[in-house]
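One chain, subunit A, links the two complexes that follow: it is found with subunit B in the first and with subunit C in the second.
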Partner chain A sequence: MADPATLLPLLLLAPALVLAAGLAAVAGAVTAGDRPTAPVVETLRLLAKQRRRTPADDPLLARIGLAVLPVAAVLALAVVPLGLPRGAPVGLDVGIVWFNAMEVLAWFAVWTAGWGPNAVTALVGGYRMLPLGLAYELPHMLALITPAIAAGSLDPATVAGAQHGLWYAVWMPVAFVLYLVSTAAMAFWGPFAAPLGRDLAGGAAAEHAGLDRLLLRAGRWMLLVAAAAMAVPLFLGGGAPPPITGPDAFGGPAWAWVVVKLLVVLAVLLGLRRVMPVLRMERFVTLAWVVLIPLAVAQALVVTVVVLL
Partner chain B sequence: MTLLVLAAALGVVAVVTGIGVFVADSMARATFLLLASFVAVAVVLLAFGLAYLGIVVVLMMTIEMMIMVVFMVMLMMNPAGLEPMTMVHNRWGARLIALAVFAVLAAGALVVPWPVRPGPPGDPTTALGADLMGPQMLTMTVLGLAILATIVGTVAVSATRGSRR
Partner chain C sequence: MVLSLARPFLRVAARRPHVLVIAPAPVSDGLLDVRLAAEAALASRGWPAADSPADTDLVLVAGEVGPRLAEVVRAVWATVPAPRVLVRVGAPSELGDALDAAVAELARGGAGPVSGGGPLSGGGPLSGGGPLSASEASLLASSDRNAAFSMITGSPDDGAFLPLDASNDASLAPEATPVMAGLADDDRDGLALDVVHTALGPVLPHWPAGLVVHATLAGDLVTDARAEVLDVPGPRERAGRRRTPRGPDHLRLDALVRVLALAGADRAAARARALRDGHPGPGELTAFGRRIARSRTLAWTLRGIPLTATDHVPVPEPTVEARVRALAAGLGGSLAPPVRPAPHRAAAALVGLELGAARLALAALDPDTALGAGPVAPFKPAGSGHHHHG
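Right after this comes the complex of A and B.
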């Protein structure tokens, strides 16, 4: 436990995720037609600004929620094997369930952030997180356990290692697409940004200023990057080079392949944000329960039958 | 020994936050305190080496608290819940029932002859699942799928198009 070689990745995890989330935010600003410096300027502006209070608010609860968001993102990333020589920063044989539990904390974070200020737009925004969560969560859980069924393990490192020659993104494409959709949804980002929607003047973030607002907006990017990183071991073969290149055509360290694949996943998500409008929650709930959940069950069933045979 | 101290400390956290649920005058704070109480119990499970069960408790209880919030919006007199409220009604009856239930459960924990572990434990999650479900595992799995299909069917039938009802 006290071995510095195992502690170092843990200590560097939070700064690394903040950096990656910052870079993702810069890419997001560029694809949204903004200046690339916009996230940096906004961060500095929010750091210099005072927090805002509203009458009869509950700042303690709101700030607990706001602090939980980035912490949950870091804890979720902790079980993702990043191609480092010693595996994931925290090797956990039920890492996929841990990841799921940490990511669900975002529901609580956004709801309390919307609740705290005692203001209408913020409250409605916070409440929008609940139908969003109830809609994406079941397809997401099924998309998570489908690769786990195929690999026979809930350990992301084992799942990554089980994909010899055929990535799970190819072998279970429906689960992969559902995972990508739920990645954006769990970070209430892109087409699923309704809890922070412009139609609500910022929704759950409307009454937060200064550090509070920074935690919410940065925490969202951190959650998105952490969830996108989990797609690499689950569906894209982890740190292994692409199998289409033949045996060892491209060598390179495992972490470099993880970074490359993470960049591809983030690019796909940024593209998704560009082509999709923000969805209305009631439409998405119906779509999720009537179409996405049966699709996810069918995908899990096909994989289970093939594995059993 | 450290494990026992840790479990006792977490038990105190769980009980104190559990009492807080009924002291808090805000629906949101009560929800948070109840979640904190469950998370403390989950950490006890984690400390005893039951990783899967502990993490599932965190996962399920977080979702459950949020679903409870949805039900509060549907059922409460003051749907937004921003007004001060109390979680307690019929104070004396509630206290009596709570104390009686606690006494029965505590007595059960002390009186029941605990089985001796027969050998080195295998996977505790598998053992617990087999113990709970026994030979009915297949029945329960099929039932679970049937319930899900029923929910999906109900949603498909009852969902209306458009924003105006």
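Right after this comes the complex of A and C.
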């Protein structure tokens, strides 16, 4: 790791993710019918805004949670092969497990951000992360593990390389759709934004102002982009051009294909927000355990049986 | 100096302030006019509604407030982080000038409560954003006191602006310390959660104007709820059929705006608001109503919330889903106006619901706060005396 050439992508990872999250936020503002400049104005507004505390709060705990969110997003992205010449910024042969572990830190972040201020609506917002996690995490883990079963590896780069000819998005469409849905839920974003719900005056974010609020908002977009990026190696063939066009019809560098595919995944996620209202947790938990988890298990089973045969 | 670095930020940020509208119960048509005009003005300027006091740049008091609501305004204002501005508007015609003046003030830095150090400072009197003290909570009428509207920006000058009451009931502020009192009597899920006595409203997004629900929560479950309309004791009898120039579709759309916004159907909520504030043709209303009544995703997410109070059935529809469908399907038709329950009946219907479901139920019930309710003595834990905030 002492080689500067390997360290460089790692150092650039955080600014790149911040930039990508900012662009995603701009696209999100446009889809929501807002001005494209809204995220920039919001960021400056929150930077100029005073931070704030509430009586008998636990600011240390809340701020640890808020700071963990963007850090977890960067650490999750670190194992995603982005089509760079040397592979993922951190090549890890259990990258998928690491990725999932970093994502789960969002539970901690939202829970402590809601718990810290010692206020009712914030606390209830924090509570909501638990049913959300119970609902999305099992389909999410099964959707992560299904491509790994097919490729016989927990290394995302190996999974991407195993999809010559047939992308896993086509071969295991249920797992792909479940991955997209659970990605939005993991980033408590869009239809799954109940922990920050407007009905709770902002939920876990209700009592945070200024930089604290910015960390939560930005961290959420960073988490969404990082998880969307993982869909590229797992389901969309990584940096390879689409197999439909023939072997060399569209060449181009691998990173460019990763970017194009990431944009497609993000567009699908943003479209989800347009068609769905925010789901109440009791409805989503029911949906997850009655429909999504059985589907995910069936998909994993089918893939396993085919691989064993 | 950090403050000088923040200056250009302030100017940019003032282009899109988050606005917290605080409106009294619409006991007269004039008060309703001010609230509706304020909401329409904010939408036309593209300014988002603030979720909570922490998210607020501009507190907009829409209409004449009574002493109880004035206490709430003071308590809320005390917790709004700088830069911040408070404006009070008495009539729709004052709105444009008031909002322009407020934004100009915000761009100058909104004269927050901090005397030393700028809004970005980490080491000032509010180092790390400490709780605001009672003295910082006091208000100042700005120098242009003769203007049609009043504007407040921050430094202490007691009582120049709002009617004051000796008892500062800070428990009505949404961020007040929750009062824990032992375990729930009605422990439905066996989790042995602490009971929280709290006041929901009157400063919550898409909440009926002037209403406070004194609620007991076990976790996120409402186990008791009593309504109070600030400055409007009740319940009053409906004085005949009140004639409003707006008609039944306006009532339906006003309720739908709240339900749709709380359900996170943002585009539908914006459309409902535009129809409410504009002059839509019956065809537009019918088309919108049909679209909402037929929306499967909306019906799916609203499913399973009952509207049955323990002592009385407040509205003809048994569930939130049916109520929303009836409100939407009635648009553009010639049906009678929707039944609007008295606040205390609406509050009774919230008992047993999860907080999010209770919010949707209350929005769908759309209680007529002009009928008044309460007053309700706030919960005091045995033996701990008066709770003070800050």
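Basically, the second predicted complex is superposed on the first by the 309 of 309 C-alpha atoms of A that agree within 3 Å, B and C clash if a C-alpha of one lies under 4 Å from a C-alpha of the other, contacts with A are read in each partner's own complex, and residues count from 1 in each chain.
Here is the rule we go by: a residue touches a chain if its C-beta (ideal position, glycine included) is under 8 Å from a C-beta of that chain, and two chains touch if they have at least 3 such contacts.
Computed from a predicted structure; not experimentally measured.
Once chain A of one complex is fitted onto chain A of the other, the partner contacts of A:101 are limited to subunit B, with no touch recorded for subunit C. Which of subunit B and subunit C touches more residues of subunit A is settled by the count: it is C. In the superposition on chain A, contact of A:194 is made with subunit C only, not with subunit B. Contacts of A:294 after superposition: subunit B is touched, whereas subunit C is not reached. Legend: residue contacts after superposition of the two complexes on their common chain; A:213 is shown touching subunit C, with no touch to subunit B. In the superposition on chain A, A:118 makes contact with both subunit B and subunit C.
Touch criterion met: A:55 reaches subunit C, while subunit B stays clear of it. In the superposition on chain A, no contact is made by A:86 with either subunit B or subunit C.
In the superposition on chain A, contact of A:45 is made with subunit C only, not with subunit B. In the superposition on the C-alpha atoms of chain A, the part of subunit A touched by subunit B in one complex and by subunit C in the other spans residues 56, 118, 123, 127, 280, 282.
On subunit A, the positions that touch subunit C within their shared complex are 32-35, 38, 40-42, 44-45, 47-56, 59, 117-121, 123-124, 127-128, 191, 193-194, 197-202, 205-210, 213, 274-283. Remark: subunit B residues 26, 28-29, 32, 35, 51-52, 55-56, 58-59, 62-63, 65-67, 69-70, 73, 80, 82, 145, 148, 151-152, 155-156, 159, 163 touch subunit A in the complex.
Partner subunit A is touched in their complex by these residues of subunit C: 6, 9-10, 12-13, 15-18, 46, 51-52, 54-55, 57, 79, 81-83, 112, 114, 119-120, 126, 128-131, 174-178, 196, 198, 204-206, 217, 219-220, 260-267, 270, 297-298, 300-301, 303-304, 354-357, 359-360, 389-390. Within the complex formed with subunit B, the subunit A residues making contact are 56, 58, 61, 64, 92-94, 97-98, 100-101, 104-105, 107-108, 111-112, 115-116, 118, 123, 127, 130-131, 133-134, 137, 154, 280, 282, 286, 289-290, 293-294, 297.
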